[in-house]
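Chain nomenclature is as follows: A, B and C, assigned in order of appearance, with residue numbering initiated at 1 for each chain independently.
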Amino acid sequence: MNNQKEAIILARDLTCVFGSGKKKFTAVDHVDFEIYNEEIISIVGESGSGKTTLARLLLHLQAITSGTLLFNGKPVTDKQEHWRKVQAVFQDPYASFNQFFSVESQLLACFNLFSEKFTDQEKQVRIDNALRSVGMEPAEVKEKFPFELSGGQMQRLLIARIFLIRPKVLIADEPTSMIDACLRASILDLLLSLKKELKMCIIFITHDIGLAHYVSDRVFVMCKGAIVETGHPDEIIGNPQHEYTKKLLEDIPVLHKAWLKE
Amino acid sequence: MTDAKNASEKPKVLLTVDNLGVHYKTRFGQTVQAVDGVSFSLAQGKVFGIAGESGCGKSTLVNGVMSLFIPPLFYSYGSVVVDGEDITKYDSERLRVEILGKKISMIPQGALNSLNPTRKVKHFATDVMRNHEKNLSKAEIYDRLEDRFEAIGLDPRVLNMFPIELSGGMKQRVVIGISTLMNPHVVIADEPTSALDVSTQKSVIRMLLDLMERKIFGSMIFITHELPLLYHVADDIAVMYKGKFVEVGESDQVIFRPRHEYSKQLMEAITKLSTTGERHSEGARL
Amino acid sequence: MKQFKLLCKSPWFVFGAAMFLFCIFVGVLYPMFSHTDPLLRGALPFEGPSREHWLGTNGEGQDMFSALLFGLRSSLFVGIAAGIFATIIGTVIGIVGGYKGGWVDNVLTLITNLFMVIPSILVLILIANSIEKRSMLLVAFIIGATTWPWTARAVSAQTSSLKNREHVSLAKLNGYGIVSILFMQILPYIMSYVFMVFIIQMATGILEEAAISMMGLGPYDSVTLGQIINQAQKTEAFSNGNWWAFMPATVLITALQFSLYVVNTSMEGIFNPRLRKES
């Protein structure tokens, strides 16, 4: 009971079904969980496990088939309001920006979310600050178009967008999987410093258990639409309980462990 | 490169790539040197791994090793020697008949997805055999295919199936079965498992190594951006960066004691984000 | 922009576009400066080409050369207007259906398919027959209203493949509504495609206008290329061997079609990623 009050996100029997009849496919299958303020959660699963659908449910980009999903103890009625509090960074930075508009105009688009009015100058100051926080020089990038930037730079811009909106929950759907390995850690560190500054909660959606181990306070393991195991990353990796988690950990190639020969 | 067990009997070298350069022309007329002075050689029973980020020239190198220069890809310089002959000098017809599929064969990622869905597995396999032995009868081919599939642990019934009837892992096994039909000297596996889940990935890799052990094919070039996987599969690893091999060596050395600045960075990033590495929250907060 | 530069390098595109633009140029300029009235019966019927009448006269004794250029203007007008109508109707229906999906898409697809299987030329004949006063704009509208399904289908397919792209999700997360998303996030991406179909719709418009005018159901307020042929047919120019009464119009229609198809094909080579050889 006590937990339910504190949880910023609470899901009970959350289910999402696509199609109907023979083609019916349950992407998220009666899932229960709660996420608390300022927590870092990783939802780990392979492709087709339903983790991206779960992320879209949390963002209210996908309609819930059945079950309840509460945000701050209340169901979401006003999406605009919800998106001020819950935001996302997506997997493919190249696909995340409209290539026909400049960086500046796409950052300005965020102000559409706020009910209060800003003057143009205020907007510019905020954008400049956000860009500096992600290590970019405003004058250099504002006029540019997405296709003139690298994948890493675009991912930084997506994070700058989060700096502007300052949400309470950030859903990061495979934020580093399309970025070169060398840049991966720096993007993660940026996200983590952002978390500290905004005192928000981050939900990482990933297939990379190493990443989940590095960043998260708790890990949810997803398989075929269900959350099969939750726990502290060290517990999950050191002492997995569920068959699926055991198999997963055994089959992922890791540098310091024999993989092919038993 | 001088393993203790191989010291007495030096394994036969199957492929030698010497100072190979490949460039392509963009649609706007610029020339990009995608592969720049790459050299390596591949011996019987060895797996040569190539690591690199997307856009480093890995896939262009694959085409280069097969001497498959289809515009906008062009040969710049260097040689690829198979059985004592430089195949970069071959014309496309001779290459198709004598080399491709027979001496050098390729396993692309998700191959069966792009194939004609109205044809059965056996038709694709027949194509490969007909390319090299024109006068075989259908019955003879099917007999041999069945024997072969059985021998490499694939159910011969898949021969009569359509690509869409197979699961992702099965498709990749079938592709491996088909591309090793002619017992090639060299198999090039370009991210052969990146579309598969980890459990299937393991079994597909096992199959590949098993086939090589049984001399179904001679040696393998294995390309992936996933370093832990590469470490477990490859004997030697080359790190590719901007079209060049910045580092070549035994896997242990390249992974754990990298010398080049770029490979150091790469390995650092990998170890940081691994299940055995330090956790961020503890590392930063405490 | 890069793609446009690339287009200009394609000799076929330049050839087709130049040919079509030349037709527009002549079709617009000549009637503006000409003092010859194409309807004026200023000579004997079926006079052969001469210095006075470059392309002879028709069965009514009207000057063929000026009739041809006035006809060109009207045909282009009908073709372009029909193309615009078809593109607007088709794009709106396609983009909404493709984006909304579900039952909205099902209903719109049903309507699109219905219009597709109805032979448009029949509908055209029926409508044209039942309306007494057919202006050029009305004829263009009738043509557009029967040829839009092709645009709708193409646009719908493109839209449904785009709607799950991350920049669309991001626009939703920025709180934008459907209209803004369709116009700002989806339309720019399919614009080149829409333009390609527009060119084909224009060609179809010119051809269909010629077809119904040949049957005598064209616009009543002007001379069009189809009407020239209709006129020639009525006055039995074919059997009398008066080639100048119908050949130039036929050649012009063919040339217009040819130039538009060449433009479309060369654009497809550049815009369609499947046909384009990626480097």
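In this section, a residue touches a chain if its C-beta (ideal position, glycine included) is under 8 Å from a C-beta of that chain, and two chains touch if they have at least 3 such contacts.
If you're wondering where the values come from, they're calculated on a predicted model, not measured in any experiment.
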| item | value |
| --- | --- |
| Intersection of contact partners for chain B and chain C | A |
| Chain whose average C-alpha position is farthest from chain B's own | C |
| Highest-count interface - the chain pair sharing the most C-beta contacts | A-B |
| Chain B-chain C separation of Cα centroids, rounded to whole Å | 51 |
| Rounded Å distance between chain A and chain C, as computed from the means of their C-alpha atoms | 48 |
| Centroid distance [mean C-alpha coordinates] between chain B and chain A, Å | 34 |
| In the complex with chain A, residue positions of chain B that touch it | 53-54, 197-199, 201-202, 205-206, 209, 225-229, 231-233, 255, 262, 265-266, 268-281, 284 |
| Of all residues in chain A, those that touch chain B in their complex | 40, 46-48, 180-182, 184-185, 188-189, 192, 208-211, 213-217, 233-234, 237, 247-249, 251-257, 259-260 |
| Contact footprint of chain A on chain C as seen in their complex | 165-167, 169-176, 184-185, 188-189 |
| Chain C-facing residues of chain A, complex | 56, 59, 61, 79-80, 83, 87-88, 90-92, 95-98, 100-101, 109-110, 112-113, 161 |
